[in-house]
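Handing you this structure, nothing more for now.
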């Protein structure tokens, strides 16, 4: 089987590194170009030292355009400028991991497979969702689609430190973050915009508030979501509804047991659990922010767009412990 | 100055150990009796090895009643039976750290100093509040007292592992808890009862729901609370109200800067921060669950009941980092 | 391609779970039997909840013997009794992860691929090495084989909590282990025996002491080794010797950059770095205790014994961060 | 009682902050000046937010010299220049926490109380020891003083992240350091110089090598030391020797039970445990790098130099859990 040719722009960062880890083991892809201005000339395992023995690729600042797929793993706000400066062939699939095209501008399709699968399968330009956005949308989408959200949605999310990227600041300093907890961007996280867009697409009359409290957790990987909203049916109905909504999905699973974050760390899974308490449907959900919340979902989108097996390259061993 | 004689029943557990750590350095107390059936005959530093060099006290299963103050640090449900079997002199101050008397039965006073200070000052029997209960009450009390809570209260709390005590189970196993997150007792935490009792005491018409999502955090000490509720005044009003409410308090501080959990770990402080967002007053608060949420508050209650300086024995160096 | 039939005895523990995670994704194997007395009747994902969506296998206490390979993941000391009670066909490959047969009794071959590859390729019974033993042997084997260890070997090792298995005790309690460090089995770790056997096999005159200080680390997965010994050649010679020794190895890599533990976590790699300081060759090495130090190495041994591609089922994405 | 006037130069860093935490609760001191160029004009609790409610001191870039004691908590190499530019009265006690005067140049006395107590008691200028140096010296001093170290000393040390200070780099980035282990400055740590000077002072013929492997640990506070060396007496002799050596010491305790790091975290203690194995005396020791290894020891030195009670201001509650 011939493999398609893949490249990563911004391959030195966290999501770029995760893309490389996934693509190096993808049965249908050959990673041929890793772009980084800052790491130019270095071998891939000098920057991502866990990749020693896996690849001798060298970072370049040359932009290869002769690719079947290019992943843009640039800082938010830089993808648009990059695509203005660099032209890819029409048939090249472009998957952008930043916020730049999540409004589906310029023919981009919002790449949340559980919601937009058929559109992704024919897309050439895919805007990969945000990590919190992925988890929150999957936690509430079935209920929104069935118009069973009977009031405002209250959400807490806790993210690992990798969500903040490689940058160094007070909140990524080990001494500060270790054994610590804090909140940020209260009710005002930038992902709320893309979440709302999806929910309105599922229910054009959706007008509920989403009150979202994001926490900085003292762990490296993973996102936990607890979402609840007034709900007037039984728990059995809720499970039936969620199971039906996700029954064809390869990575999103509904669990009738209580869940914990480490069930999903280092995998492309989203696991969801439901409870019905005091008139509220309480949904807990967990993903790995860098895999299902970023690079794994991007590979999933590639698989869909190319007609590969949906799980190709994504049979990932969880960290488990 | 003569020191009063203090004893601890259940001195082998986490809160019992913390009481010993505090009382050994208290200027007005002499810890003379540490009771434990399981550790009987051992030196205190065999069970609490950090106390090497500080004390040679020996655990006993004999119940000394010739004490000025006794702290009951027994498992929930065992204090009542203990006090039925053992009689203390009328003038002995009894401070119970369990849930058994938080309903103020049998002449116990609910020992939350910021709310009940004058009653504690004349009490002989004090029921020490729960850890989550302490933080949640302090986070919302001023607004409740001013009848400015204009809707239901949504609360998330994250607790360190010490909140679960010494018992070993899946959720206190290092391999399971490390780098992990999960929820428990959703909307149904046992502390809601004592919280409601206080809030009704502050506003007899208080009838709002408290929807409380408790998280298990992957750290040892500390409790973080985020509480929000509809609120119709300005943020300045809120700060003025909270500052006025706590202005005489030695341990509860209102911060106009964002806070983080480690500001309070290993201290008796509660630090509170306010934001006014989308019509909600959002209150974040942090305490150390074992100090302000248990043993430190118990010593504070002792200080009040004995007329000692309020901060005696509680000038604690925070862990800071 | 037909797949071979695999079973796991003791599939509920940590190494049993890791075997399941690996075998479920192995291209040449079908996991058909997971044995556990304690979990009998449960689905695999009730015990290993990260496997939801991956398999509906059910634990059984029936011992299937119609297997191409069986992995014994029993507590140390129980494999021997198990094999006395249960007879497998002669052609079934038996891979034991306990200490029971690491002395190569009863025709078992010591399954350290970097040293014993040709013997493993023709073996039917394989004794999988211990985790510390794996790392220490790989760290010193080239120098021992070349008789360049000119004095005693000083080793420190730090292990994650998973090394202690599922059992609950003081040292696996989160509150105790979190942010803590301690040593155990000083100079007396049970793996020293198998290490010595290998080193004597590499150099029949090897008589140096190995002084090994094992640490309990406050992390879940991974083993770090620092080993040093008097050495009279140049660093360049040392690198050449180690690189030559491991040049054919799929999983053991020599790095000329300083290493860190997380380079290998959740992979089957061993990464080794060398320094020559004050007349000592200082070797640092890292493995994942549950993968390269247990279940991954067991699968590697299976691959060798069956003639599969050496890396089959072992292209694992590292945790990286 | 009148209190002496204390100041801190470099009060914004980790050790400067710890000094402030200690001095604010010191019964004989009043902290009147906190110097920092970078934080000038800020309140102390804006930079050290755990100090909210404890002090309203304001950082200044003015150098007060009218002090009874000044602590220099500057980066290594900057104390010397500072003292050239700023003149303190002859009677002001100067305690420098940097490496600059640990060679006892310019009349400084090396401030390790367990070794140099009588000299410290009459000193005006005190060079506070390094953190690793403190722990290693206390671990081996009795045996060196008795000339019972019969061969080279092998040492591993593991330090918390606070040892690296506030600076941000790869090794203080949470995502990198969390759940990770690495070594640095192998056999070449800068503290070896001051350690050797002390050991030669204890035994002028001391010529053994100290082979020191320093580890970066994934925790915030604390230093663990394992040191061993050939030794020809019994374990009982060793315990007697260590106990006798430290019997007058307020903070250094010999434990006949195995120890763990958290016994000392947030205290000024050093706890030492001994084993006699394979002809080696194995010493494990633990300190808090910022307290006993820096600011607490500096306060201890102040107490000695001023004739205060040795433990004044240093009755610290350990973190315990």
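Letters A, B, C and D mark the chains as written, and numbering starts fresh at 1 in each.
By our rule, contacts are C-beta pairs under 8 Å (C-beta built on N, C-alpha and C of every residue); 3 or more make two chains touch, one makes a residue touch a chain.
Note that the coordinates shown come from a computational prediction; the quantities given were computed from them, not determined experimentally.
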Most distant chain from chain D, judged by the mean position of its C-alpha atoms: A
By the contact definition above, name the pair with the higher C-beta contact count: A-D or C-D. C-D
Dist(centroid_CA(chain A), centroid_CA(chain D)) in Å evaluates to 46
So the centre of each chain is just the mean of its C-alpha atoms; given that, what is the distance between chain A and chain C in Å? 33
Between chain C and chain D, what is the gap in Å from one C-alpha centre to the other? 40
Would you please write down the residue numbers of chain D that are in contact with two or more other chains? 14, 161-162, 175-176, 178-179, 218-221, 259-260, 262, 265, 321
Which bits of chain D are touching chain B when the two form their complex? 14, 17-18, 21-22, 25, 46, 48-53, 161-162, 178-179, 220-221, 250-251, 253, 255, 257, 259-260, 262-267, 269, 271, 290, 315-321
Of chain D, residues touching chain A in the complex: 14, 161-162, 166, 168-169, 172-179, 218-220
Residue numbers on chain B that touch chain A, as the complex places them: 154, 156, 158, 175-176, 179-184, 186-188, 209, 211, 213, 215, 217-222, 224, 226, 228, 258-262, 265, 275, 277-278, 280, 282, 284, 286, 321
